[in-house]
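Going by the order they are written in, the chains are A, B, C and D; count residues from 1 in each one.
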Amino acid sequence: MKALYFAWVRERVGRAEEELDPPPSVTTVGDLLGWLSERGESYARAFDKPAGVRVALDRVHARSDAAIAGAKEVAFFPPMTGG
Amino acid sequence: MKALYFAWVRERVGRAEEELDPPPSVTTVGDLLGWLSERGESYARAFDKPAGVRVALDRVHARSDAAIAGAKEVAFFPPMTGG
Amino acid sequence: MASVRVQKDDFDPGAEAEALARGRTDVGAVVSFVGYCRDEGGSLAALELEHYPGMAEDEIVRAAREAEARWPLIGATVIHRYGRIAPGGRIVLVAVAANHRAPAFAAAEMLMDYLKTRAPFWKRVIGQDGAVQGWIESKQEDDRSAARWSATAD
Amino acid sequence: MASVRVQKDDFDPGAEAEALARGRTDVGAVVSFVGYCRDEGGSLAALELEHYPGMAEDEIVRAAREAEARWPLIGATVIHRYGRIAPGGRIVLVAVAANHRAPAFAAAEMLMDYLKTRAPFWKRVIGQDGAVQGWIESKQEDDRSAARWSATAD
């Protein structure tokens, strides 16, 4: 799946996008956040407070318990501050 | 005191303004409405449902129990429908 | 502080709203409301608005002062037209500027509710045959809407 | 039905709002909101708005559909800018047309609340020395304001 990072999540991870290939045990958004936080120091900094990071699956907001199966694009970002 | 009539009050009374000289027994807005309703058929038509007529004293909305003493201008009109 | 105008002429709502923010960096929100003459059922040639000159302005200024006392506003403009206004024509403008959106929305709504129920204007219907079809009746709904602002403790 | 645009360029709020009413006689009310870049304390050179292209539009369209399902609206336009915006510059427009003022006000407020809390935009501060001063934090107040629309039974 294609991962996109925005705002301070992008800055901490150090890239704007990448391909992710999580193991089969990673089935939910929450699992994905946990798996990402263990990918090294920069990921840990971005994802160590998972409640602070919002996730969208295929451009729709997704909660922590949402299943990631079938998603082509997953995005990670801070709470929104537009408007 | 100068009386002004607006909208259907003006149409029923048959004039837009006139000088009023109510007797000393007329002390409140409610008294004034009662006194006016007895000035003839056209006034009766305008003032027979006094709750339907709103009153302003010197360009400020006034309730039925407001004293008219000192007022220079009194206006009578239906509920407002602007905006 | 509020600018209040009662006039026969049309107005430019965009220019009025923008004037509240122009050249300033403290305005975060401008809410504007424009009320139009609607044609209910294709039978309306125009609305004719009668008003009480002097009191109309005074009453709108009083409403604006109440709004300013209640919310931290940066500026407000209220324009209310009188005379004949054809369907699609503008009748009223309320524009409010504030730091944040909540006071701007609340003040604009309060001003409109007060204009509907307290400003001395009366509308009557002119039919397409040119005949006067009588005065529009006030709506209880408008009274209830206006009562919100006195019922609230805030 | 709603027109949704996410763009770098500035917009003309008056023209956008007027376009919702032009040539129609069923519109009684147009409420518009313009959000500006404020300078809090004279230290801001600009806000820089990052967004999630594609999802930003989608999310605003979803909010507009929710508003349309909830209130009888005649038209709505939402424009949200991205990129650098200096103090005094326009960031966002919400304009809503309806028969009556209550749905127009309610829908404009709901859309703004949703834009603040659900549309994927992030602001950061550029100081007058040109240095990036970090991301603006989201406000709990905005979440509470947005929660009004799901808490109501209506």
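Simple rule for what comes next: a residue touches a chain if its C-beta (ideal position, glycine included) is under 8 Å from a C-beta of that chain, and two chains touch if they have at least 3 such contacts.
Keep in mind that what you see is a predicted model, and the values were worked out from it rather than measured.
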Joint neighbours of subunit D and subunit B, given as chain labels: C
Identity of the chain that, by mean CA position, is farthest from subunit C: A
Angle, in degrees to the nearest 5, of the Cα rotation that carries subunit C onto subunit D: 180
Centre-to-centre distance between subunit C and subunit B (centres being mean Cα positions), rounded to whole Å: 26
Whole-Å gap separating subunit A and subunit C, where each centre is the average of the chain's CA atoms: 48
Junction residues of subunit C - those touching two or more other chains: 35, 112
Contacts with 2+ other chains: residues of subunit B: none
Inter-chain touch pairs (all): A-D, B-C, C-D
Touching residues (chain side subunit A, partner subunit D) in the complex: 4, 6-8, 56, 59-61, 75, 77-83
Complex contacts: residues of subunit D adjacent to subunit C: 12-15, 17-18, 21-39, 44, 87-88, 99, 101-102, 104-105, 108-109, 112, 145
Of all residues in subunit C, those that touch subunit B in their complex: 35, 49-52, 54-56, 58-59, 80, 91-92, 112, 115-124, 135-138, 142
